[in-house]
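Here chain A shows up in two complexes: once beside chain B, once beside chain C.
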Partner chain A sequence: MKSLILIMISGALINNVVLNQFLGICSFLGVSKQMKASASLGGAVIFVMTIASAVASILYDNVLKPLGLDFMKTIVFILVIAALVQIVEMFLKKTSPAVYKALGIYLPLITTNCAVLGVALTNVQNEYNFIESVLAGFGTAVGFTLAIVLLASIRSRIREEDLPAPLRGAPIVLISAALMSIAFMGFSGLSF
Partner chain B sequence: MEIILITTVVITVIGIIVGAGLVFTGKKFHVEVDEREAAVRECLPGNNCGACGFAGCDAAAAAIVAGDAPVNVCPVGGGPVAERIGGIMGENAEILERKVAFVRCKGTCEVTKNQATYVGIPDCRSAVLAGVNIPECDYGCLGLGSCITVCPQNAISIADGVAVVNGDLCVACGLCVKACPKNLIELVPESKKVRVQCSNRDKGPQVKKVCSAGCIGCSMCVRQCQFDAISVENNLAHVNYDNCTQCGACAEKCPVKVIIPPAAKQAEIPA
Partner chain C sequence: MNKYLERIYNGLIKENPTLVLMLGMCPTLAVSTSAMNGIGMGVSTTAVLILSNFVISLLRNVIPDDVRLPAYIVIVASLVTVTELMIEAYLPGLYKSLGIYIPLIVVNCIILGRAEAYANKHTPDLAVMDGIGMGLGFTVALTLAGLVREVLGSGSAFGFNFLQYLPDSVEPIGIFIQPPGAFFVIALFIAIMNAIGIKTRQRKLVENTGCDGCCATCAQRCEDAEEEAK
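Up next, the complex of A and B:
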């Protein structure tokens, strides 16, 4: 039980997917302009990453590993995750238009998010079983959401400030993200 | 060898299963979308220039179908596109005539002089911000080419110190109209060749002093016109393109020859 909780906390804080592993930076910087959009993206990422981890884990344990096709995992995962997101999108569009509308364009955007593939591959590397994989995926996604919501709130504050001209726009965002990354390094001192 | 075979088979099988799953889900969870939206989107040019005021062609198509935009919203596609969209939407499109950008200044080096030498950033907006007026005429083209920078079609060039639009390349996106700090550029119907090539609102003598080709606001053209298609406001003639019949009477009588004659007579009258 303790190890399961540890996996989640590790995914969310200690090995934060954006700030410590530098995956999914594109959407992290691109979508963090507005609080609402970043929260929506966070929700979509939690949704997709959890499901993707589960499917990738099943596929790896039952198909790739027994057949000795370990080396094909990247390609298979890309294939499956991309299709999965499409299916999830269609499913949501039909069954719950409200959720579909809330997630909006972010759902298909995540298809190409390296963080989703990254977490599936990391799970395999750490030899997690099915339950551990799902929890790791969920934890990582929570970490992503945390990071992007934090950056969005920082950016909304920055917008009010009178910045020196050369720092305006992208530079100050990158600096803020870097400082956040340094701050998150502090979590690596967590011990249980 | 065996491992290659297994890999190929496994990946193919996974691919087929995934593909079949997608097809199945696509059929099963098919949601009716307005077919017209896709059809309208087909008609639009698809270069997402944003000249219509929407985020792109997809957004414009959605707005047209939703009734938030007229069928002739796309200035780039012009009449033919509006007609086809009108056909889809079941209304008669008001045919939007193809427009082109037109620089209302004739102040080449032959007719006017520069009063200042500007050595800053080579951009009209910078020059205006710096408070420098390069030509003697307060209303004249600076010739630094802000319009060239913003033009997505490379349709504008500087000839003899004045910006000139190539009507064949222009898509009437209006970016140069916004960029010109002197407000010299306007969008005019392409077929209306009779245009006043000046923006100077000063009184006649003042114009004469700075430019030999400037509109002096003498109203000679207004008297010539039988169709009420030309007017003089603030010492500047302006053609009302809706009324103009391209007879060219105004251009013939204009003492400073600042009105462009219609295409048929362009050869006879030296511009």
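Up next, the complex of A and C:
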């Protein structure tokens, strides 16, 4: 039990996927322009990453490993994630239009979000079982959401500031991310 | 200028994938802890890029337009797997320090971006030169970022420790090889580019669409979404 909680907290805070492992930087920098979009993307990532971790774990343990096809994992995972995103998109469109409207356009973006593939591969590398994988996926996605929502709120303040011209745009966002990253380094002192 | 040399110049300077197009930020930030890591990652990505550009260009009339992205992903993923196994076998040290970022070359926006933007419209010889040019541009940018972080953060350059020749009071700034240092160094690079007046595509794209434009696919999706919203 203790180790399961640790996996989740480590995914969300200590090894934050964006600020510590640099996965999903594209959407982190791009979408964080608007608060509402960030929260929606965060929701979509939590949804997809949890399911993707579960499916990847099942596939790896039951198909790839018994057949000795470990080396195929990159190809299989990326295809599974792409297909999964499509299915989730269609499913949501039919069953809950409200959720689809909120997450809709962000779902396809996730296919090329390296964080999802990264988590699936890290789970395999760490030899997590099914439950551990799902929790790691969920924790990582929560960490992503936390980081992107925090950055979005920082950016809404920066917008009002009078910055030196060369720092406007991407540089100041990256500097904010760097300061957030320093803050998150503090979590590595957490111990159980 | 010779049309082949033009591709090299284009990739290296005019449309440098990292510094001008701002593609592939994840590996740039993640593996630039030392100059050697930068070279290793740059060369691995270049190898995949050249091969994928070549294969996709050869198959450009065979792959149906509707399923081109899944087809590209399968081609790139296969090439990445081959590269990963080669690195693991022949360069175990590099394999260990790059770790998970080798399989993640699959989702490096530069590769799918070049497939979409160039390789599927041009002949194999030009596509290969484009791959070499873009790969070189990526490698140079990554090595430069790695060098700055290594010099400031661990007091060495390409693994050569120059700190021993300096007074004892000089200490490396450890934060630069930690994650925050990556953000700082890239922010500095882009600020310098802004100051000397080179406009990054990211800035134009964000200003025009509000989309991050991390790669051809996302950019396309964002355009669709924008149109739908209207």
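Basically, the second predicted complex is superposed on the first by the 192 of 192 C-alpha atoms of A that agree within 3 Å, B and C clash if a C-alpha of one lies under 4 Å from a C-alpha of the other, contacts with A are read in each partner's own complex, and residues count from 1 in each chain.
One rule holds for everything that comes next: a contact is a pair of C-beta atoms (placed from the backbone, for glycine too) under 8 Å apart; a residue touches a chain by one contact, two chains touch by 3 or more.
Predicted, not measured: the structure shown is a model, and the values here were computed from it.
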item: Of chain C and chain B, partner touching more chain A residues; value: C
item: Which of chain B and chain C A:L67 touches, first, second, both or neither; value: first
item: First (chain B), second (chain C), both or neither touched by A:Q21; value: second
item: Which of chain B and chain C A:V149 touches, first, second, both or neither; value: neither
item: Which of chain B and chain C A:L179 touches, first, second, both or neither; value: second
item: First (chain B), second (chain C), both or neither touched by A:I75; value: both
item: Which superposed partner A:I9 touches (first chain B, second chain C, both, neither); value: neither
item: Which of chain B and chain C A:M90 touches, first, second, both or neither; value: first
item: Chain A residues contacted in one complex by chain B, in the other by chain C; value: 72, 75, 79
item: Footprint of chain C on chain A - complex, ascending; value: 19-27, 29-31, 33-34, 71-75, 78-79, 82, 105, 108-109, 111-114, 117-118, 121-122, 125, 165-175, 177-179, 181-182, 185
item: Complex contacts: residues of chain A adjacent to chain B; value: 59, 63-64, 67-69, 72, 75-76, 79-80, 83, 86-87, 90-91, 93-95
item: Complex interface listing, chain B residues touching chain A; value: 3, 6-7, 10-11, 14-15, 18-19, 21-22, 25-26, 28-31
item: Sites on chain C touched by chain A in the complex; value: 22, 25-27, 29-30, 70, 73-74, 77-78, 80-81, 84-85, 100, 103-104, 106-109, 112, 175, 178-184, 186-188, 190-192, 194-195, 200, 202-203, 206, 210-215, 217-218, 221-222, 225, 228
